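Submitted below is the structure of interest, expressed as structure tokens.
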């Protein structure tokens, strides 16, 4: 028994020793993995970055689910906030001084350095833009149902969905089971974008000041529209049990004609499949172009990292090293000054980017609901509640009134 | 009675088959290619392949091997330390018969029913204060403290069945309590030790929430947490998820098949005394 | 002189005993105190504050959190979920467990092999069990594919329909715990003296009657063990929820107390509120287990 114990003691102490034996600064970097962003991919970019920023040893941490926002908070609660994080919402962490601020000089290479500002302070590199969402559709399904052109107006969208349903095709594929409830949010993000944020840019500020609630007619209208889609049977509640990878696989496998999803879907179909899909912006009442988008998503650095300056340097370099890969594997619209995406990106990437650029020219890009960075913002943990309530809406457990009541209740609870 | 003698084995086999079906699905699909898993999930692997297993074993991020190493170290150290400490504590408390001893036992027994979720917030703070958060020794400490009441309970039941005279004779010969315990009492408690080791071994190997929160990501996590991580990313690739689960369960499963009698007696015996 | 000697001896013995106490009891109890006992008290304390990661200053708020909880419909739903799971697991596993035990009690190779099968899920981790079942129960999983091939057009959304998911989860827990209950009942059955069975046969007691009036009362200790074990494990269920449903579908359709506590504490980072929830959970467990143990022991005595 004694021998076993002393053996264990030796084993344990060697484990402890090896982890402190590096001369470099060890920085913990939190990533997440998806079918597109694999472990091998991250390892490659990390190695490239570390080659440019000497003196850093990166210890890669992987979020156990794609919901790295929750995981980063779980780590923070147990005193283990990673030194560098990618695509973790700074809200709640920034205000309490847990993140390091980026200076103007450090942000000089970025196109929109000030997005997600907390009263002028920047805590996350605004490395890229994503449209959340556009609607991806299967051309064959539209043809089969006799839908000749992608719908532009709300009426046309409903008409198209009706034809699809009549042809025996589920119009919308909306998933979000297991830990990936967030995946069901995209239709509502689009609707809040066009019905609320496009009509009143100050809406969120008003909400945070207590001047309005989710019972606001603008917001209710957005929810009512979504409810209409559900009530007409255009969404299959059973598909909700699919987690995010399963949802993507089921859409690519032929389930549902339309898939409201973030721009990262553009690179999901492989080279042969690319031609089978098209993309159009979420339709509005009058057919005008409104695109909800999120700019941010880059890296943030913990203010308690062992070497904050070095960590920031590494994070900035990583953003540059990751640019091509981000575009290729995550369909990111990289917002670094002078950045040109690789020429051989798939057609859907170009098509989605065109929608975004066009909206930019028209000045009709809105904030994406639930992804408002900086201030004003929704309280941390709130988006999760919205996603859960959306599932209830799809399942018919709540009506529009119940939905907005629930949101108000949770908003009050989480801001208290 | 005899005319229906086929009925009982038939019903038994049928019910067991239904019960076994999920396990069957999990095992056969380990040895099929991904297309076959989707096309015929119920079929036997007609063209068995080890691709899934090899894929898991050679994953570039070493998820399986790191997890396995952590699980073995964590489980092994936790159960050995807990068994030693619990056996000594139980022995002392049963023999001392003092009032404070009984109070201590009462307090420990309440510890039996505490779900880990309830104490997680302060627990992470305790570990941070002593610098053991997100380390293997920290997780071992948590396991030892958390499972100690259960182990003490099992040992206490057993100590009572050991005649006091043995120890008194040894004491008269001038042996210290410590020597007496290790040379005479502990060897006699082998069945209780086996119970505790098996029970805790299975529990700790399979533990999810505690390593997820306590071990954190820094030192790598256990194989059970590794499974949870791999489903998020590879959920659609059932072949490799099942292969990972199969490999992760293999150590426990092998022990079970080798020592089936002890296992069942250990697991239920431990509970029966509790 | 002699008094001095006996005094010295007493001191020596006390010193000696203190040494033994330090060796035998102190290490274990210290770890227990640090890891379980102190955190319980600490949880109770945090539950009386408004501590939250985004709040710079933590204040003592007395029973505020508890009052909010008792009035919160979300928390009521969570409590109801937990109670439903616990009831299904305790009742279902006991009924199935005793039936299977009666069926498989024969001492032949066949039955002993079948018994081993039932025990396998007990040694698997809840994560593994949940992943297996999830792959069977999702929308296009094996079960629904099979149902569709039998011509059932719209098979239930086992995990996606909020009115079914809770029962699916409970069923999976029953499946996993069943082997344990079976073995405990088998041990109980083995302990019934042959004479009693024979006497019953002579008296002409058969089938249900014999079970109801002879076998079942004698299985009372097994029933007690199973009920207590099942109650404790079902009440704190977390892993299955995390893997199978993440508390959904929708708003808390399958959220249990343990899941809610962890989510509130570590994702929403509201330590105060979460700790009050944990405190309530402790109080419920304490009351429930005292009541159940009393009731069950009384039942054992009367027979």
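Order of writing sets the labels: A, B and C. Residues in every chain begin at 1.
FYI, a residue touches a chain if its C-beta (ideal position, glycine included) is under 8 Å from a C-beta of that chain, and two chains touch if they have at least 3 such contacts.
All figures in this text were calculated on a predicted structure; none of them were measured in a lab.
S.K.: Considering only which chains touch which, how would you classify the arrangement: line, ring, star, complete or other?
M.R.: complete
S.K.: Out of every possible chain pairing, which has the most C-beta contacts?
M.R.: Maximum number of inter-chain contact pairs occurs for B-C.
S.K.: Using C-alpha centres only, name the chain that sits farthest from chain C.
M.R.: A
S.K.: Calculate how many whole Å lie between the centre of chain A and the centre of chain B, each centre taken as the average of the chain's C-alpha atoms.
M.R.: 38
S.K.: I'd like the Å distance between the centres of chain B and chain C, where a centre is the mean of that chain's Cα atoms.
M.R.: Chain centroid spacing, chain B to chain C, equals 16 Å.
S.K.: How big is the gap, in whole Å, between where the Cα atoms of chain A centre and where those of chain C centre?
M.R.: Taking the average C-alpha coordinate of chain A and of chain C, the gap between them is 37 Å.
S.K.: Name the residues of chain C that each touch 2 or more other chains.
M.R.: Answer for chain C, listing residues that touch two or more other chains: 134, 242-243, 265-266, 271.
S.K.: Chain A: which residues touch two or more other chains?
M.R.: Counting only residues that touch two or more other chains, chain A contributes 74, 77-78, 179-180, 246.
S.K.: Two-or-more-chain contact residues of chain B, please, as numbers and ranges.
M.R.: In chain B, residues 121, 125, 213, 228 touch at least two other chains, as defined above.
S.K.: Along chain B, where are the residues that touch chain C in the complex?
M.R.: 8-9, 11-13, 15-16, 19-20, 22-23, 25-26, 41-42, 85-86, 88-89, 91-93, 104, 107-108, 110-123, 125-126, 141-142, 144-146, 148-149, 152, 177-178, 181, 202, 205-209, 213, 224, 227-228, 231, 238, 241-242, 245, 248-249, 252-253, 256, 260, 263-264, 267-268, 271-272, 274
S.K.: If you look only at chain C, which of its residues touch chain A in the complex?
M.R.: 53-54, 56, 134, 137-140, 154, 157-162, 242-253, 265-269, 271
S.K.: Touching residues of chain B toward chain A in the complex: what are they?
M.R.: Touching chain A: residues 59-61, 73, 76-77, 80-81, 84, 121, 124-125, 128, 133-137, 212-214, 216-219, 225, 228-229, 232-236 of chain B.
S.K.: Would you tell me which residues of chain C are touching chain B in their complex?
M.R.: It is residues 20-21, 23-25, 27-29, 31-40, 42-43, 46, 100, 103-104, 106, 110-111, 114, 116-128, 131-136, 142, 145, 175, 178, 180, 183-184, 187, 225, 229, 232, 235-236, 238-239, 242-243, 257-259, 261-262, 265-266, 271, 274-275, 278, 281-282, 285-286, 289 of chain C that touch chain B.
S.K.: Show which residues of chain A lie in contact with chain C when the two form their complex.
M.R.: Within the complex, chain A contacts chain C at residues 70, 73-74, 76-78, 92, 95-96, 177-181, 237-242, 246, 250, 379-381, 384-385, 388-389, 391-392, 395, 397-398, 406, 414.
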